[in-house]
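So that you can tell them apart, the chains are marked A, B, C and D in the order they are listed, and the count of residues begins at 1 in each.
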Amino acid sequence: MAFDTSSLPLPTIAATVPAPTYPAVRQQTVALVQPLLPEDTVVQPSPDVSPPKWHLAHTTWFWETMLLGQFLPGYQVYNPQYAYLFNSYYNSLGSRVNRADRGTLSRPPLSDVQQYRAYVDEHMARLLAQLDTLPPLAAELLELGLHHEQQHQELLATDIKYILSTNPLAPGYLASEATAAPTSAALPDATWLPVPGGIYALGHQAEGFSFDNELPVHEVLVAPFELQNRLVTNADYLRFIEAGGYRQFQFWLGEGWDLVNRENWTAPLYWSQAADGQWLRYGPRGLEPLPLAAPVSHVSFYEADAYAQWAGARLLTEAEWEVAARYFGATTRGGTWLESGLYDPQPLAPDADPTQCHQLLGDCWEWTYSAYHPYPGYRRAAGALGEYNGKFMVNQLVLRGGSCATPENHIRLTYRNFFQADKRWQFTGIRLAR
Amino acid sequence: MAFDTSSLPLPTIAATVPAPTYPAVRQQTVALVQPLLPEDTVVQPSPDVSPPKWHLAHTTWFWETMLLGQFLPGYQVYNPQYAYLFNSYYNSLGSRVNRADRGTLSRPPLSDVQQYRAYVDEHMARLLAQLDTLPPLAAELLELGLHHEQQHQELLATDIKYILSTNPLAPGYLASEATAAPTSAALPDATWLPVPGGIYALGHQAEGFSFDNELPVHEVLVAPFELQNRLVTNADYLRFIEAGGYRQFQFWLGEGWDLVNRENWTAPLYWSQAADGQWLRYGPRGLEPLPLAAPVSHVSFYEADAYAQWAGARLLTEAEWEVAARYFGATTRGGTWLESGLYDPQPLAPDADPTQCHQLLGDCWEWTYSAYHPYPGYRRAAGALGEYNGKFMVNQLVLRGGSCATPENHIRLTYRNFFQADKRWQFTGIRLAR
Amino acid sequence: MAFDTSSLPLPTIAATVPAPTYPAVRQQTVALVQPLLPEDTVVQPSPDVSPPKWHLAHTTWFWETMLLGQFLPGYQVYNPQYAYLFNSYYNSLGSRVNRADRGTLSRPPLSDVQQYRAYVDEHMARLLAQLDTLPPLAAELLELGLHHEQQHQELLATDIKYILSTNPLAPGYLASEATAAPTSAALPDATWLPVPGGIYALGHQAEGFSFDNELPVHEVLVAPFELQNRLVTNADYLRFIEAGGYRQFQFWLGEGWDLVNRENWTAPLYWSQAADGQWLRYGPRGLEPLPLAAPVSHVSFYEADAYAQWAGARLLTEAEWEVAARYFGATTRGGTWLESGLYDPQPLAPDADPTQCHQLLGDCWEWTYSAYHPYPGYRRAAGALGEYNGKFMVNQLVLRGGSCATPENHIRLTYRNFFQADKRWQFTGIRLAR
Amino acid sequence: MAFDTSSLPLPTIAATVPAPTYPAVRQQTVALVQPLLPEDTVVQPSPDVSPPKWHLAHTTWFWETMLLGQFLPGYQVYNPQYAYLFNSYYNSLGSRVNRADRGTLSRPPLSDVQQYRAYVDEHMARLLAQLDTLPPLAAELLELGLHHEQQHQELLATDIKYILSTNPLAPGYLASEATAAPTSAALPDATWLPVPGGIYALGHQAEGFSFDNELPVHEVLVAPFELQNRLVTNADYLRFIEAGGYRQFQFWLGEGWDLVNRENWTAPLYWSQAADGQWLRYGPRGLEPLPLAAPVSHVSFYEADAYAQWAGARLLTEAEWEVAARYFGATTRGGTWLESGLYDPQPLAPDADPTQCHQLLGDCWEWTYSAYHPYPGYRRAAGALGEYNGKFMVNQLVLRGGSCATPENHIRLTYRNFFQADKRWQFTGIRLAR
């Protein structure tokens, strides 16, 4: 266990996908909301979910507060009350509307939020034109703001899905003819791929942007392990359900078992069973037959772990995931991303090479059995930026790899996403290790 | 105490105001929503409040379910799922969306609800054209439906006020120049007017419509009493506040005292105090200085009773109220009603005759100290209509007289409104007795 | 409807049962706790229920605070902290332990509370010896204190029953051989007895003690009505259950129907059904077969009203109940009272005279469909006594007649007991009217 | 960073303290309850806390279920209902009383639970006499049972403290003259001690008992770090309070900040400030002045982390803690343990060697910034034992080192204790690293 693989070549994701730019990112946000009616942009069926109108405004407030107010001389805020309405969680930046009350606010209306966006975009264009003359912090905040808005694009996609799904009319987000549901050709069994142990350097080591939670780079000792060559599919997961997985406590963490019983969970979020026994799921076109070969998605950490227990396996740690992604040279090519317009994880090709590791990037975030804690040597930044990541570092688990709702140029092999163990409305899936 | 005054002439309200008609009622509902943006029609900041879009659809569903489905041959429902979405509380008519979740539903959008209204109006026109040929029940349900929709007009006015008031932007419902705030000329002290005791017949005894809860007519013995010639004003109530009324338990019912402390109530709903001590209230044009001579409104039963205790007086019973209204020959003339477009109780004229009893009808509902229980001999109707009133007859208090949000041809002297003791979002006020 | 029956002879209950005395009342309280273990006196399985140790101490605190502190010169309180521990709900007398936290207090132990009782009894003996020399208020407070402690005797009996019943071991309060369960000889159908209408004077009109809520005497007009000659039995109520009464919304008030579904109620409190279908109930000797002829007890107001609806009848109003009790000359003789040591309502003799009205006093409190509101002209007293009754006068219903847990010399025909509509742990039963 | 220190000598704690034996462990449990009154053994002021009577019975049920039922032929359970009453959380072993309802059960009384203990002890004596003839599993379960009961001894000590502390009489557990409060001689500033980095083997590697969560032994790479030579003291922590630590969000994790505001925390559990500003704490003799030199205790993870942030430092990881404990050759000597009878962490001697690391074992559990997750290769056992540790491995943090409520022969350097981040009723303290 002595050889040092920290010199494994770093992935060159950045080379294959251009970095985000201000106009493209801003346009993508608007495009996500385009299929909605004004009424859809207001509601909040769960405290976890924010109204689309709020996302449109909050991302705009971020530019106004972080960039324009500091760096564009003479800038007048569009509306001084918006700081109260559209601050998400920054204590440094004053008081704000309770998160759970975002869905009670009808004003400002969507049209005004669109004007707000236009106003800020116009001023940002002026700022960007003189970026070279500004302190380096301006360019850093620009980069952060672009990645911030991309994070909200993923939330927009998943929040919109949740909002429409809770409506008894179950409207589709996409026109029903827009895209086909994933086909359901049966996949061969997953294969197990070995990864050698060693000392590896984790964390962001390449050029370009990363969040502060991906730093500092630090070495970890990883024992040899095996992982499956693909994500767990709906067909796989159905076998767990049919084996009584949701009714047998021994597969479950205690908290998970309590939750399953309290909420009467019997399947992933968005699944339902018709009177004739057929399994359906709410997808981008509304209710559809369950696509069996597609990766299972919208499972909580508790379900992911219970599935692994049932299968005689386990989840990866985040260190193992990052090592495997480097070892197999994972790139974003072939993964399903936000830009695909599919909003749905796609099945692996039945003839995919069983000796290669697939679906590491895109399609579904992979729950790891690692707590979202600071890397050794991490220190929270001062001021509002210190609230961006550091204050969430307890009682959440790390997810890796991005999903079909992640912009392709937003992901990195070192990217650490994080959610509480009970959350299911993101595109969260399962990969097994042993 | 022997003379029988049950032969007091019945008020002739019906003579002064024409009864509601289908086109006028339907138009009034739409007019109330006209100043709103689509986004305003969706939200639900409290379980007590329903989204305006829901009111528009629910009142339409009522016509479809109660009339068209039964009496218009070949009628096709607009959308079979709307029965689930827009049933309010009729167990007889199937399952339904939880009341507290009405604000999470963005679909159908407002435009579709407007089409739904048009579709039903068109079919109702056909049904009305042949009303003479239909069983008498059809005409009875027509009358009930009109009064049902008028009840929702009052709820629309008060729900809209609440929805806009909770928005940090505090937008007005009316344009700020639309109407003037009530002036605040000081009023003379209220006078006490005696009413003789006797046996009185209560309940609906006139021609025309009444709800079943106003029947049967029955005799009650009422002891002589006195009541004040006008409603308690904001100026009166301010004296209670300034005397520490909200901080002294001895004025309060136990439940009320607990509530005041739990919710930190220090004034009626919609009141706030500026940094300089000035009292403001949220009104139809947004935040405005408190109009001192206007009747106090938006108080709970607990506050009404505590005020009366502090003043060394008491609230009326509903029998006393009805007797007084007959004794003084109250009519709707001079009261403030929905049709005024003011949405605000108005002050009494300073020179109003102090020997007459004013403001009995319109402006503010008057809390009585009478439980909303069945009249002797009342029996709930069978079927869905049996759920209209009877099942609410516990743990609510009767309010009398109508308000500035009540259509003028909706009220009667025998009208029994009812709410739980803690509710404040209706135009609820205070009249003292002793 | 003109004849005045207010001159109906007042019942002479006081003549047949001697009034309570200090030593007898104090001894009865202790006797109720005697069968318990120290551990039983501490626990509180529901916020409605108080630990027996708390009752022992609170009733003692009442004497100390209301009598000794005011009228016995030089009296030293036993422990100054007990005012905080054992005040029930008197805001006038300072802050106190939250009601729901009474069961978390192990100290003072039972033995100390017993010493506290002895200390207070010894000083009360001194005070009683000089009662003639004290202001009349002392004798009034003595009388109030005795009735106060008797109220807590009823609560002790019902709280103890609840405490032992929630224990999975279901221990009996009485030794199993102590008393026999009521026999279950079938009863003849109830008969309907008419009561003439008229103007009646309600409220306490006799010599002797009453609570302030029984005053002032006032006249009411009561229409002719009929009531059943006995309480509804367990056998009667079982027919309601077997007819699906708990599964059909149309019999229920809306609040009651919500409660039935939320709590999964399918029978009165303390009833259970064995695997073989036999109905059991928890009674004073533990789990026993349901005594069919005994009056149904431990039902909420919602259940009482739903039963009446199902039976095509209704509950009495409190005015009707008081008129009937006078009309039929009800006395406490033959009723089951606390002193019987049975703690269980007893069946009517099968050969009881069907033309007489039975069980009006004792056995079970009878839910009326009357709100617990102030009588006309009632005013809350100043100071702590003003908190005794008046502050509870909203959202509760009146019960009449006393129960098998009421001391016989505590009841009056004018006695107004009151509970919220959902409460079931008192001996609450049903009598039908029409 | 290449040298391998996994060969650091293992601590020989076992050599200095004899392993627990059945009679000694059983006697210690009883001794802890001895100062209590029967009433004290029943109550449960928080769902986290169990009544002492429950602990006495549950530990006995464990022997009955795990040993006697399996290995003593013909054994009759003392009472078949006790499996329902005294099962803690084993789904494998059937249904059970809700944890939060343990304090509502008065029966069986303490005296019966004592008989239950005697009955089981008598039969265990028989089983122990023939242990050599039984399968090895019996001896393994014996060892597990002893450590299980020792865990409940720690809970007994901390639960009793909580129970007595919530009583407004604030009774002491120890007689006030029993032991002196820790003196408060000021301590010198803590020093920083370096620990070299390297690959270390973590987990139980010695002879003798360990829990399954301490296995498997596995290697980790630890970077060089420094830790303080002693625990943070009350005096240290007071500076944080006085610097406004509880009022400045920037030191806190988001969840912690929400909790501080929701619960109005301003100091550790058991601290209070007298009217004159003096800091008091509830300790084993009741309310006492805060002992400034003693280690701060009864802080949540959130407070420990906020303190570290304020101090410009951080908490240790559990790997760092275990490495440091080995590196400094920590033993149980000099630590404060349950057997001391002090129930209170003790101050370090002012002249303690500043180049040595003190208080690693005993006095206070040390919060680590490590999630309680499975060690690599850990698998949950089958059956009831699989529920002992594994099912809790999410959303808890590891604590290390034992406390003044831990039996001295219960601790190990590899011992992993775990609690949720908000828990404060254990003796939980702080050590800083950087």
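As a convention for this text, contacts are C-beta pairs under 8 Å (C-beta built on N, C-alpha and C of every residue); 3 or more make two chains touch, one makes a residue touch a chain.
It should be emphasised that the depicted structure is a prediction, and the values quoted were computed from it without experimental measurement.
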item: Partner chains that chain C and chain D have in common; value: none
item: Remotest chain, chain C as reference, centres from CA atoms; value: A
item: Same-site or different-site touching of chain A by its copy chain D, using the half cut; value: same
item: Centroid spacing, where centroids are CA-atom means, of chain A and chain C in whole angstrom; value: 60
item: Centroid spacing, where centroids are CA-atom means, of chain B and chain C in whole angstrom; value: 38
item: Chain A residues counted as touching two or more neighbouring chains; value: none
item: Residue ranges of chain A touching chain B (in the complex, touch as defined); value: 37-45, 53, 81, 84-85, 97, 101, 103-110, 163-164, 166-169, 171
item: Touching residues (chain side chain A, partner chain D) in the complex; value: 1, 89, 91-92, 199, 218-221, 223, 249-250, 252-257, 301-302, 305, 309, 317, 369-371, 373-374, 376-377, 380, 382, 386-387, 391-395, 397, 421
